[in-house]
Structure formats: C-alpha cells, structure tokens
Amino acid sequence: MMKHLFRRRAEPEEGSMSLLQESWMRLLSNKGAVAGMVFLTILVLTAICADLIYDYETEVIMQDIPSRLQPPSLKGHLLGTDEYGRDLLARLVHGSRMSLVVSFSSVVLALAVGGTLGAMAGYFGGVIDNIIMRLTDVLLAIPMTLFAIVIVAALGANTTNLTLALGASSIPIFARVVRASVLTVRQAEYVEAARSIGAKHGTVILRHILPNCIGPIIVQFTLRIAQAIYNTAALSFLGMGVQPPAPEWGGLLASGRTYIRDYSYLSIIPGLAIMSTILALNLLGDGLRDALDPRLK
Amino acid sequence: MYKWVRAMCVVLAFVLLVGTLSGCSQGTQGEPQGGEPPAPKDTLRVALTSEPPSLTTCDHDSLISVGLNLLTFNSLYKIDHASLLPVPDLAYEYSVENDTEWTFKLKEGVKFHNGDLFTAHDVVATIEYAKTVPGSTLYTGSIKSVEAIDDYTVKITTHKPYAGLLYDLGYHYNFILPKSLIEKGHDFNMEPIGTGPYKLVSWDYGNSLKYEAFEDYFDADHKAKIKNLEFVIIPEGASRAIALEAGEVDFVWEVSGADVARLNANPNVNVLEVDTVDNVTLFMNNDVKPFDDPNVRRAINYAINRQDIIDGALNGYGRVNYSVISQGFWGSTNKNAPEYNLDKAREYLNAWGGDPSTINLPILCSNETRVAIATIIQSNLAQLGIKVEVVPMDTATYFAKWTAGDYVGVIASWSPSNSLTYVQRFHSNRRNAYPGSLNSPEIDALVLQAEGTIDNDARLALIEEIVSEVNLLSPQISLYQSVWLRAHHKDLAGIVCSATGYTAYNDFYWKK
Amino acid sequence: MIRYMIKRLLAMIPVLIGITFLVFMIMQLAPGDPARLILGENASPEEVKELREQMGLEDPVLVQYFRYMVNLCKGDMGKSYITNRLVASEVAARFPYTLKLALVSAAVSILIAIPLGIIAAVKQNTIFDNTCMVLSLVGISMPAFWMALMLVLVFSLRLGWLPVQGANMGWRSYVLPSIAIGFMNMAAIARTTRSSMLETIRQDYVRTAKSKGISNASAILGHAFPNALIPTVTVVGVQLGGLIGGAVLTETVFAWPGLGRLIVQSVNARDVPMILGCMVVMSVSFSVINLVVDLLYGLLDPRVKSMYA
Amino acid sequence: MVIGSQSNNTLEIRDLVVEYRTRERVVHAVNSLSLTVGRGQTLGLVGETGAGKTTTGLAVMGLIPKPAGVVLGGAILLNGEDVLHKSDREMKQIRGKTVSMIFQDPMSSLNPVMSIERQISEAIRAHDRSLTRSQVLQKAHEMLEMVGIPRDRGSEYPHQFSGGMKQRVVIAMALSCKPDLIIADEPTTALDVTIQAQVLGLMKDLKDQYRTSMVMITHDLGIVAETCDSVSVMYAGSIVEHGTLHDVFDDPLHPYTKGLFGSLPRLDDRRAKLQPIKGLMPDPSNLPTGCTFWPRCDHAKDVCRVEKPNPTYFGGEHFVNCHLFNEEISGARTVNMGD
C-alpha cells in the first residue's frame, strides 16, 4: 500500500503526453520487450529480403546430393546442409518467410472475421450476441490445434489450407476479446453522442468503438501470432502444413528428425529458430500488455 | 536495472541451452547402449513400422497385414518365399481337367486354433465368403464355383481357362478360415483364428501385438520354433535401429538407409539387404497430350538416369530397372527396355516432332523421398528441354488424385507376387482403377491369352512377349526396384525374407 | 453445488452437438470417396457404388449426421474406414494412454511449478526468482515437440538412460513424454503462481494474519496461497486443456499409443469416423476439464460458491 | 504484568526512524518520532495521508514490509521491552498477544476464502496451543458475540458480511487474546457514518472492559475528540505537537495543527471560510531541510529552512515542535497568526 502511494506521487504530472505516446515510452522502458522487438524486426527484414540473400530455386529447393549432410562450419555452409545437400541457413531464412506469412495472414484473417463477429455481438447485443457467443462456445470447446488439424484433414495439406485452418481456429478468441472491449466502450458518452447524431452502425463501430478497444486487440494479436507460429510449425511437423520441398521451420524439424542421431544440428537449429521467435513475441506481448494497460502492472 | 539483469539472463540461458545441446550433439558417439540383457530365448520381438490396418484376410491390401495374416492362416497353395512359385500348403496336390476344373487334394488332420478340424467345407465357405467381400474381384473374380467333393477333396471351377488360379489362391483373400466361425459372423479382426503357426494373444492398439506358437500346427517343418512372438510398433526409423541396438527388439522389419552404417558397425547386429520385386515407377497419364505419344514416353524413359536416383535419393539402396516389369519374376525380361541414353532420347523426341519446351510434366509425390526422385528427374529431363514440376502433397490427396485420373505424372510402386498378376495390369480393363494407364487392344489380347494358358512355359513365353511389347510402348517408366533393409540380432537364425516383402517368423530360431 | 453441476453438464450437450455438427460438416469437405478408400485401388466402380449405398453415403448430409448422432448416443461411433474396427473400441483402447500421460505430466508439473512459483514470489528479485522466471519464459516459448526431440537426443540417444519411444518400458516410458508435455505447463503455472502470489502476499489480509501472531510461513501458505490458487487454477485448467491438443504432437514424437497419434494417423488416412470419434472424445474431455476447473473455483472461493446457490 | 520501573507506559517510542528503500530512491517515512501511551490510555495519532502514521503502527507490530522497509534507529518499548531487537520467533509471540492492530480497510483485511471463525480461531490458537479445537472455536464464538455477531454466523465468509460487520470481526480478532495495546489504523474510514459511530462505541466499550491501551490512528479530529485521552499530531514522519485532548483541541499551537482545525467546517460560524493548508505534503523521498513544514507555513522564518525545531513544553504533556515557540515562549501565544 505504501509503495502504491509513493508511486502515484512520484509520477510526473505530464498531461500533455498522449495515451499512445505514453504507452510507447512505457514499452521502450521494458528491456525484454525491446529485445523482442529488435529480434522480430531483424527477422521480418530477413524474411522480406530472403530472395536477395538466397535464391529460392537454386539454393533453397535445388538438391545437391554430393554435398549432403555437411555439418555446420565457418568455411562451407554456416549451419550445414540437409539430407539433400541444401544449405540449412538458406532454408531457415526462406522458412522464416513462410512461417511469418502463414502466421501473420492467419491471425489477420482471424482478427478480421472474429473481430467483426465480436464487434457485432458486442454492439448489437441480444439475439445476434447470443448466436455468435454460442458459436464461439462451440469453437472454444475444441482444442485449437485439433481444430486446425481437422480442417487440414478435410481440405488437404497445403499452405493455403494451413493458413485457413489456423485462422479459423483463432476466430473465437478474437470474437471474445473484441466483444468484451466493445461492451466496455459501447455505453461511453462519445459513442452515445455519435449514435444520437444518427451515425450509421458501421461507422460507429469502425470510427468510434474499435479505435478504443485497440489495446487488448494489439496484445492479443501479438500473442496469437506467437501461437500461430507454434501451430504452423506443429502442423508442418506432422506433415499437415507446408509441404516439402518448400521450407518451413516445423517441416525442417520433421525432416531433420530422421537424422537426429548423427546430424542433430538438423533438428536443433530449426527448433531454436521457432523458440526464439515465439520467445520474442511473448516478450513483446507481455511488454505491450504492461504498456497498454498500466492497471495490470 | 533489474529488467536488464533479466534480459541478460534470457540471453545467457539461450547461449547455455544452445551450447549444451550442440555440445551433446558432438559428444561421444561411441559404444551403443547394450545394457539390456539379451532377450529370453523363447521370445522374438519384432519392430514394425506401423500398426497393421487389419488382421482379417479380406479387407485390406496392406503389406504389414498380409505379413501377419501369414502367421495365423494358410492357403491351399502358398507362394514360396524363395522361389516366388506356388507350392502346396493346405492342399498337397491338384489336377486340372478341361482347363477350367481344378481338383485339390487336402491335407488331413489339420487343426484350426479353435480346435476345429480343417476340411473341404472350410475351403468352400472361405472362398464363397471372400467373393462377397467388396473389392475382392481381383483375387476371386476368376473363380466360378467351389464345391466339396468329399471332406478332403475340393473342386474349383473357373469361368474360363485361367493360369493365375494358384497364385490367386495364395493371396490373403483366399486364406482359409474355419467354416463354423464364418457362419457365426466371427470378427476375424479381433481374433484371427486360422490354421497358422502362431495364435494371436493380445493386441494393444497402436502399441504392440503378441502371438504365441500354435502347438498343433500341421506342418512339422515349419512349426514355430520360438514360443512367443511380439510385434512392437516403432514408426521412426532411427528409433527402430536404437531399439535393436538396445536389445529391446530382435528383428527390425524395415531399417532406414540412414541407420545402416551404424548398425553394420555393431557386432551384435546383422543387416540384410533384400532385393525385392517392388517396382517404383513413374506413371504418366497416357490420355494426356503429348504423353499419348509413345515416342514422347520413350524419350523420357531414355533420359532418366536411374543410378542418379538411387545414389541421390535412396542412400544407394535400390536396383536399377528399365523394364516395365520387376526383375526377379519368372517371365521377367529386359527386352526392348530403354536404358539410359540421351542420344536415343533426342532421337525419339525428334520422331515425335514437337517442341520439347512445350512439354510440361507435373509429378505428384506423396513423400519426400519421392520428391527427391522427382527432383532428380527434373534435372535429367531439363537436358531435353522438358519441364518437370514437382508437386508434393499429402498421401490422401495424392491417392484421391491418382485414382481419379487427375494427374499427368505420378510416382508410385507396386509389388505383386508374380509376373502374370503384373502384366494383367497392362490390360485396359484395369483403367477403371488406374485411369490413364495403357490402352492397347493388341496388349489386351495378349494378356487374355496368357491368362488362359495353363501350361507354364508357354505362358511365361507369352508374358515375356507382353513385357517386351509394353517396353516398346513405354506407358510408364520403371525407376528402380526397392532394396528393403532388415536387421536382426546376430543370434537369430533361420531368417527368410521374400522379394515380395514377407518374412517367415515361424522359421526363425535362436542359435545356441 | 450438485444442481450447478447438473446444470453445467446439461449445458455441455448443445456444445457437444455443435462440435460434432461442425466437425461432421468440415469432414464432408474432404475430397475422395470413403467407399473407394475402403475398397482400395482394385475395386470396380460398381463395387464402389454398391458400398456407398450400403454405407448410406448417398443420403443427404443431414440425414447422415442425424444417423451418426443417434448411433453416438448408443455408444456406436461407427467403423473405421481403414481398419474396419469399431471406432469406439479403438478409441477406448487408446484413450487411457493419453489420459495416463496427461495425468502424470499434470501432476508432476503442478507439484513442481506451484512451489517454485511460491518461492519465486517470496524471494522476489533474487537469483532464484530470476532463474525461475527466465526458465519459465523459455519454457512457455519452447515448442513441446521440439523439446521432446531434444529430450530424446540427450537422454535416449546420447546418455541412453530412457527409452526412445513407445509405452512398453513401464515407468521409464513415461519420463520423457511427461516432461516434454509438462514443461510448458510447468512454466506457465509457475509464472501465474508467482504473479498471483506477488499480489496476494501484499494483501492486507496477509498482514492481518501476521498481526495475529502466526508465523510468516503459515501466513503465506495459509492465507496468501489459497487466494493465489484461484488464478492458478484457471491456468492449470487451460494447460490441462492444452495437454489434450498438445498430445497430438508429443505422442507423435514418442510413438505413444494414445488418441493424439491415432488422430494423426486417421487424418493422414482420411479415416473420417475415426477422426470424428477422436474429436468427440477429446472435446468431451476438454469440456470436462473446464467443468472440473469451474467446480474447483467453487471449492476454493466461497464467493463463487455462493453464486451457484 | 508490570515489568521494570519505566513501564507505567504500555508503549513508548523513542526517536524512531524508518525508511523505505527502493532501487530508485529512499523514502523517509518516519523521522525521529517519539511518543508514549500510558496504561489504559488512548492516544490519537493525527495527520494527513502519508504522514507516516501507518508505518509507525507497523513498526510497533514489527510488520514493516521487507526488504524495502528498514528501521534505522530508535527504540520501541512495549511494556518496557524493546521490540526492535526481538527475534522473529519472539515477535510472533508479541503480535496478537501483547499488541494487535486493527487495519484501515475491513474489506481487504479479512481473508476472503476463510470462514471468519477460522480466522479468529487462528489468532487464539497462535497464542495458546493448549486449547482443544472445540475450545478454540468456543472462544472464537464468544469473541464474535462480544462484538455483536451471532455465533452461528461464524462459519460464513467475509463477503457475506457488511463493512461494519467485517470491522467488528477484525476487532474481535484483535481482541481475541486480550492484548495490552491495540493499534487502530483508521478503523472507521471505510465505513458509513452511522456504522462508524457504532464501531467506535464498540471499541470504546471493549477497551474499557479489557483495560487495553490504544493508539488511534486517524485523520479525523472528530474521532479523536470522541475516543482519545491525548493527541499527537504527525507531519512528514514526526510529531509536531502533542498534548492531552484538551490541550490540543482547546489550544492548538503548531501552525499545522491550527491548519488541521482550520480545514474543518465550523458549526458555530457557518460563514467562516474554510482555511485549508496550502500546498501538499512534501515528497517523503525528498524532504525539505530544517522544519519539514516550512514550505507550507505562513510564518516560516529563515531559521525554519535550516534548523530542525526542538520541542517546546507548555506544562504537562503539551509540547510543540516549532521555531515560532522555540525562542519566545512567552510571546508565543501572542503571535499573530495571520487573521
């Protein structure tokens, strides 16, 4: 209690800083989050520039049997080569693109669909709310990974279906988050005001309500991406995601697994890549949550 | 300050973790763990790659299941593991009258696991039952009727003269089941009761199967020598090798090529390389232009370097095959088979007359080995200017596309037990199951003729003729014959592995 | 409480109907003909057609679904397309393996994580706390299937201490899979326990307790901890639910004969009845876990309990 | 019961210094504070929020939150024994038995997941291991009835009680071992006015019944007037004025004390303007030099900014810590305080 008192007093009375700026400053003061952000920035840049670093056809896909299974070395292949003589680093770099694109687009998909459903449920309430929420109840009662697996099972294993499956399995979570946020701001005065001057429902939701629920959505978005990276890797590991020879981290792990005994780097390195990315996203997510919602601190 | 400490700790943990793990990876790779005491001598433990889909005789086409069927069941004539010829099993002789009526004399005193005595009525009941099972036509379709002349004589009438009958009787669909249980609607999947050398004791789904020697087995020479037989399901290749080295299993049914060197280095383990009739083939859809032109198919056939494939994609474990049929059957021939020759390939391409760069061959692949094969084909055909597209997909989609004819190229394999069954596949009536396969009236006529030729030599000559003709047409391209790797504890003896993929566990015994 | 339980159990029914309906409909999208799948490549189109009729695949989808549900109520989940075995008996044989593994790993992770969380909270900002928190951060970020591979690499392949896979070696078979599954849970539970303990040990009632003259340890364990348990139980519930989904991966790595591997095999073979059966059982267990967690709240928190009444 | 010569006083605090140290700064919560509470007496400890009143109370209980809180010096004598040098085990015996504390917020000072009878029993059992379970429960019920709660409500949980009832439970808990001293930290702040009166009445009755000494920490002068025998006015961690109830209420001397009275509405002269003390409490991590009150004091002189004032006594207990009185004792009363 004492601590709380002192903190309140110590905080400078700077009303001039906008809420967003303030959050940003708070985020920057969180070293873990900054480390996460730096890592992710590098990763995203790598993914974007993947084609400049390694040519997809000749270095990532093309097999080079004579140089198969070369261990990591500073001279030849930095991270070694896989069972078909392909440079592991090249495949990791292009794999990062695959992982990021799949996870990002699946989460965007989930946010778009789930967000819309959640916003509608929260804004209109009543029957619509009831229907949408019962639907999410059902979806939430299915373990997420399993749901994604079932969708892939039905549609067939490839990158597009994987994205769809992962997206679909995250829909209920966003629907819940957005609905909860909408409910809290729906009654706010400025929303009432907008409605009273006859703004359309869509406008009210998009212009007035959503911007004010952005905090929890950003946090959830980051954490969901981490989950999606995990699930992308998991499903590809099971052979239900990205199909070889296209590189994906989980897929690399799956094919490296055969050689785990004698060429363990093939299974260690892709796993490290997955783990550090998820770790970075978790750090950032935690940081964002602290920054955007100081009450939880 | 504290946050910094924490961030540093994260980094440090990372470094440590990576360090430890990579340290481990370069750690001692010395003696394999052989701590387990040797298995008790009355038990044989076998590592299988996957669970058998079924233990019945009539509802599967799985190599693993047939292998287990062979433990619990017998047939009138069986396919000998070494010669791949039909030899007497429950019958001891047969005679053929007017080319369609086969009379089999049955062994007496044969007992089923449930105590029933085996008679001709069981044969009649089994075959009549098998004929009712959907999907059995391939194995029972030639049989018109079965009748029991007396308790130990059975007469089988075929629709028309049919040479393949003995082979057909050797297929799992015609393995003999006890009549009494068929009538009761017994679930042979749960309790596979037959006359075989082993009885099923228990089946722990997804984990293991336990068998026990059948004491009253009729064939004294092939009575099970090891009392307990246990199958453990180990899907991962490396894990199977480790289980063998650790003494957890005594026999590995399928060793991964990556583990051979290590297993060979182990003094307690022998690795067997089994040449098989499993023919891995590139099928082309003969209905799709320009693959309807034999010149194009032949050109492609000449341009594929099989040795590249075996070295590159198979760790060297494969046998080059150019003929449309597997080598090793009676009646197999290499005549007219297009061996690797780029000049010839160009010649045929010119004979076709089109522009090679307009040819696009997408190849469906169901696993990464096949992707590797297709990739090598891709670079081979690039030399002719033909474009190959590698299309990886999951097994279920692959299978659906293939059987629906929705493909241009597909890599698949087949391992029937004999050359007649093999060439039957070149008949156009098989196109309902394999759309896009060969469609040639001349070959159809030859296949029918071969089927009706009961005389062995004459039939084999006909088969050779078919094979050489089909080789000219090149409807599909054989890539290689698989070499299957088995491994066992050095004290295990009597091991027989057939070229069709089966193993007679009842003949295994422990040395000393 | 019992009325509440019954109410909750009844509320599960529409959710289960929803799940089966959803999964059933999704599986209808699967390409390929089940009849063809059953008969294999050698069957003629006539045979395929005949089997389709026999299986009722020619009926409208809703009729098929209704039939499935009626059978399900009778405990009949149909027959596998691939193995021709009863789905119910196959699932019944596999489920105990999944359950045993889940329980062992849950028990171990809870028993380790909660004390760690408490100690970390009490010794906040010490080396112990920092180590625990870094490890748990890594723990929640480490994919379980990779963890499984690394455990196999170190403890089975390099050290040879424990079996590589399977469930045939008694307790030794359980060690690696339960660590692989449990580590992430342990990390998550420890983190939550720590943060909720940090909150509760600063609560006034803990100070009140100390002012009564009871020892520091009993104030923490007797007052702070029961209150911190409430958020912890939530996380334990979420993690237990995750065990069910995560089993798919770990069981695949360890060739564990449980439901997770069964569903993967069934998906690869497009064995629809088996997939449906597995999904039903796993979703039911998932819902049951959630129910148990909710009921636990009632036991732990009298405020929730009085809401039931 | 009485040990040693000087223990006419239940509580005696001498020059207590308490700091809270965090990574960024040091908070001077209590600075050289001294006070005494005589046997059976009630002392009102008055001051604004953040003056260090609660910290003082916690210091007596030995419950300063660690590791941030540090007692730097001084002595706290309970019945003549210095509690600052007691071991944890000894402190455990003292808490609840010799001194117990009633906390500010009854809503949060009861454990929400434990029935109230168990919470009271816990206090009883902590100091008397010889009692059986049922005896303990019996005693707990007696305590409940004493504070006016029917015994059959004992198995209920805090959320089932109103605020006033909860505070009664807290009081029952505090009194359960008949302590010599009760520290009541704003016991009624969180309660409705009507309930306040009830609770205060109850406390007064019980205190008389048990002949317990009490420190009444509050910022409410009304409560002080109602319950206390003497008053200490606390500002920024130290006592600025002390005296009997009459001394302080009839004749407030320190500008801060006057300020406190000045910020109360007056019933006798409703037109009189409220005169709140200007400014805010100083940042306790950055206290002004000299007299801590000078930045807010209308009468601040140069010496106030440099030197700490010493107590000036006005007969009996009444003293004031202010430079205005240090030099000219006689003229002190005539100083024009700006009216």
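We call the chains A, B, C and D, going by the order they appear; numbering starts again at 1 in every chain.
In the analysis below, a contact is a pair of C-beta atoms (placed from the backbone, for glycine too) under 8 Å apart; a residue touches a chain by one contact, two chains touch by 3 or more.
Every value quoted in this text rests on a predicted model; they were computed, and no experiment measured them.
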Practice task
Please state, in steps, how far subunit D lies from subunit B along the shortest route of touching chains.
Solution key: 2
Handout entry: Furthest chain, CA centroid comparison against subunit D
Key = B
Problem - Closest chain to the centre of mass proxy, which here is the mean CA position - result: C
Practice task
Count the C-beta pairs in contact for A-C and for A-B, then report the pair with the higher count.
Solution key: A-C
Fill in the blank from the handout: Rounded to the nearest Å, the gap between Cα centres of subunit A and subunit C is 22
Problem - Distance between the centres, which are taken as Cα means, of subunit B and subunit A, whole angstrom - result: 44
Completion exercise
Expressed in whole Å, how far the mean CA point of subunit C lies from that of subunit D is 53
Exercise for the section: Give, as an integer number of Å, the spacing between the C-alpha centres of subunit C and subunit B. Expected result: 38
Handout entry: Overlap residues in subunit D, where contacts from two or more other chains coincide
Key = 65
Fill in the blank from the handout: Going by residue number, subunit C touches two or more other chains at 30-31, 137-138, 150, 153, 157, 202, 204, 268, 270
Problem - Touching two or more other chains - residues of subunit B - result: 2, 6, 10, 14, 21, 24-25, 236, 238, 242, 394, 396-397
Problem - In the complex, subunit B residues that touch subunit C - result: 2, 5-6, 9-10, 12-14, 17, 21, 24-25, 27-28, 32-33, 35, 50-51, 53-54, 56, 59-61, 134-135, 137-138, 189-190, 204-208, 232-236, 238-239, 242-243, 246, 248, 394-397, 399-400, 403, 432-434
Practice task
Flag every residue of subunit C that touches subunit B in the complex, lowest number first.
Solution key: 30-33, 36-45, 47-48, 50-51, 82-85, 90, 93-94, 97, 125, 130-131, 133-135, 137-138, 150, 153-154, 156-158, 160, 163-169, 255, 257-258, 261-262, 265, 268-270
Exercise for the section: Would you mind writing out the residues of subunit A in touch with subunit C in their complex? Expected result: 1, 134-135, 137-139, 141-146, 149-156, 226, 230, 233-234, 237-240, 253, 257, 260-261, 264, 267-268, 271, 274-276, 278-279, 282-283
Handout entry: subunit B-touching residues of subunit A, taken from the complex the two chains share
Key = 29-32, 35, 61-63, 65, 83-84, 156-158, 239-240, 243-246, 255, 257-262, 264-265, 268, 272, 276, 279, 283
Problem - Touching residues on subunit D, where the partner in the complex is subunit C - result: 58, 61, 63, 65, 88, 92-97, 100-101, 103-105, 108-115, 119, 122-123, 126-127, 157, 159-160, 170, 173-174, 177
